[in-house]
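These are the structures in question, set out in turn.
In what comes next, chain A is part of two complexes: it sits with chain B in the first one and with chain C in the second one.
And then the complex of A and B:
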């Protein structure tokens, strides 16, 4: 987002909120609660333990997401740097990328039950392959000439990895982590909604309320959490490697 | 997203074969309830009555998916094109789009139920909600990146607005329209199976639920594999169409 466009960004947000408020008042709380009613719904939700449910859900999500990073990044880099690994792993990557997480839900319930393992496994399957794909694209795109230069200056394999490959790869890893996070949060909510527990359970149950204010408050909450986590990853990436944002890997 | 590249040789096929063999071996250690071997999954497909049921469910699923995708595509492409040509409009819509994108789509299910009900209208609505933002994002980025050179050439040769659209803007936007189609169809397939599982059980999702309730894991596997193959087939189909229609673009990018 460019800075000189900031007034237009704000205008868009104000118009959207205004339209929601007016539309909500016309349609009523049963169909679309306006932002004012949604704000008023927060105290009751917090009293019902929304914050605790959200905390537990995020923790479960993070376990699956961390596993996805630990598996996805090395495999993606390996695929990008070794032609043989690419040939062997590519068909699996393509297949698992198009596999809908939703389709895995009934299968995983039979395999893992409905507890934490189920949620973690679903999050893993939803995010690992996007992370792997981005790492693969990054590792493949590293300029051969750069590696050759490093070698001709007498860099060891380890040095070439640390000084050429890693800095070039880093922007892709951050992008992969951000894309993976979006999918991880989606999968977490999906898992919990299906078995009606935790934060996702709250969303599923609020569908039976007479007013949509509670439901919308939950949606706004998860939206804000997702935006905040994404922004945090972006900021961390920028801080660790200032060249990351300039390269806009994978965008 | 590019998934081609290393498809050369027999290695990919060999890798899939090795995976299936490994699955077969591992499944020996588990009961068929938990992890059925691939042979048990294949055996299912030998039953003609089951195949007929599967075919009917697949047709029903595909129908809803295409209806939802068509609506999303028809709305998102013009919208994205207009937004992409106006930086101010894009700046106004982008934060709202980002915010909407951050909501897990499945969390919209209760809303869809309130507005459109549990059945086919609800399923189509969820598919539209899930594929529209992705199509919009791709179209917007594409429309923004039409080389100004092309437009300038059209102008200086005195093209009328209609000629401009047909001879310059449309051909220049075809590549990203195909990208939007690929992304949108992938999302629509996910939306389809999500809707069939999270709204009233129907078609392929319904078959999955019935099998799961009977602890028939092989039956569940069949649908998972089928949905996965459907995704791959649709992707390669669009890509083939793209290659046929856009040979000039492919050449240029080589």
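And then the complex of A and C:
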């Protein structure tokens, strides 16, 4: 995001919040709590242990997400560089990519119970294949011309992998990690809502409250956390590789 | 000449098998001898296989038959030794700075980092980019990128410098400027150069000899000596002799194009 866009971004947010405030006051807290009521709901939520629930939820999410990165990236790269691996794995990638994570819930409860393993597994299923797909596309899309340059300068296969392929993959891996993270957080909330535990459990329970203020406060919280993590990943990518954004724009 | 030529091509041919009928010949028995310190230009229409020929010389593309000799040693199909290529679109690594890109070939060849950095800086200075050592390719203009490409090739101190239409993608002013600069660098430290272009003017301005190629199949049509003395001045472009030579080559290229038998020209 460019810096000179910031005032306009803020204006957009302020206008939307204003509309929500007016609409909320007209409809009442029972249907749509206005931002002022949502803000007021936070102290009570924190007293009820929202922060702890969020922390645990994030931990569970991170375990599943880390596994997704560890599995998705190498498999995606392998598929992108080996035709044999592509043939073997592509049908699975295609099928699992479109599988609804929610539909897996009953099966996963049977297998994993309702604890950390269940949540982690669901997060894994929701994010691994997006990460794999982006890594696959990156590995396939590596500039042939750059590989030709490496060959011309006498690079061995190992050198070409380390000095051309891996850095060339980097923007794709960051993009894959970001997309995967969004899916991972969504899956975490959903998983916890199904089994009524943790942060998702709080959301599920607050649906029964007379006021929607608590529910909306939880939604806003998870949205902000998701946004912040995504930004942090983007910034990390940029820090590690200053050319990352430029190459994103270039492709 | 009694000494071994710097580069010698013996009956180099390249053909691709086709599902139906005879194989498609891309290069037909190319024989060429380039003496040490010569600036040789290969000129030809697109599709005559000149880029393929250069890759065969570089060792990155296999040929069907024939031998590539560098200083008398067989280097057919073996890239890396004694040669360095300047690529058409510079083709720099986007994640490396200008300095990092120039160091690339040196690092690949096992030159220690500190020494590679020092040598790379020397060559960046030679192409006038010292101030841009820490810039990334996307921060450089097309002309500057190609200067880095030239420095990258020169830095490995090759016996033979290969240039594949290096200025083809640049605008006219930048192109003229870089041609001049290339001559300045080359005249100071004469290397054997094989330079590919489809621009007749570029060929005459730069080359000692011009190999004119014809297409379908790619073959050597004729070889011309360029009569202008070194160092060359920009002003030779206006001399009548320059224009006459340009005319002569143009006619030659037309003959080559007409001579191409249509039946051999299968769709690519």
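Basically, the second predicted complex is superposed on the first by the 241 of 251 C-alpha atoms of A that agree within 3 Å, B and C clash if a C-alpha of one lies under 4 Å from a C-alpha of the other, contacts with A are read in each partner's own complex, and residues count from 1 in each chain.
FYI, a residue touches a chain if its C-beta (ideal position, glycine included) is under 8 Å from a C-beta of that chain, and two chains touch if they have at least 3 such contacts.
The structure presented is a predicted model; accordingly, all values stated were derived computationally and were not measured.
Student: Give one of first, second, both or neither to describe whether A:227 is in contact with chain B, with chain C, with both, or with none.
Tutor: first
Student: If you stack the two complexes on chain A, which partner ends up touching A:167: first (chain B), second (chain C), both, or neither?
Tutor: second
Student: Under the stated touch criterion, which partner chain does A:5 make contact with: chain B (first), chain C (second), both, or neither?
Tutor: After superposition on chain A, A:5 lies in contact with chain B alone.
Student: Is A:44 contacted by the first partner chain B, the second partner chain C, both or neither?
Tutor: So A:44 meets neither chain B nor chain C here.
Student: Applying the touch criterion given at the start, work out whether A:235 contacts chain B, chain C, both or neither, answering first, second, both or neither.
Tutor: Touch status of A:235: no partner.
Student: Counting touched residues of chain A, say whether chain B or chain C comes out ahead.
Tutor: For chain A, the partner with the higher number of touched residues is B.
Student: Output check: A:22 vs chain B and chain C. Expected answer is one of first, second, both, neither. What do you get?
Tutor: After superposition on chain A, A:22 lies in contact with neither partner.
Student: Can you tell me which positions in chain B touch chain A when the two form their complex?
Tutor: Going by the criterion above, the answer is residues 1-3, 5-9, 11-16, 19, 33-35, 87-88, 91-96, 98-99, 101-111, 113-115, 186, 189-190, 193-194, 197-198, 205, 208-209, 211-212, 215, 217, 220-221, 223-224, 227-228, 231-232, 235.
Student: Using the touch rule from the top, collect the residues of chain A that touch chain B in their complex.
Tutor: 1-2, 5, 8-9, 11-13, 15-16, 30-31, 83-84, 86-95, 97-107, 109-111, 133, 137, 140, 182, 185-186, 188-190, 193-194, 200, 203-204, 206-207, 212, 215, 218-219, 222-224, 226-227, 230
Student: Within their complex, state which residues of chain A touch chain C.
Tutor: 143, 145-146, 148-155, 159, 163-164, 167-168, 170, 241-243, 246-247, 250
Student: Could you please specify the touching residues of chain C with respect to chain A in the complex?
Tutor: 58, 60, 79-81, 84-85, 87, 89, 91, 93-95, 104-105, 107-109, 136-138, 156
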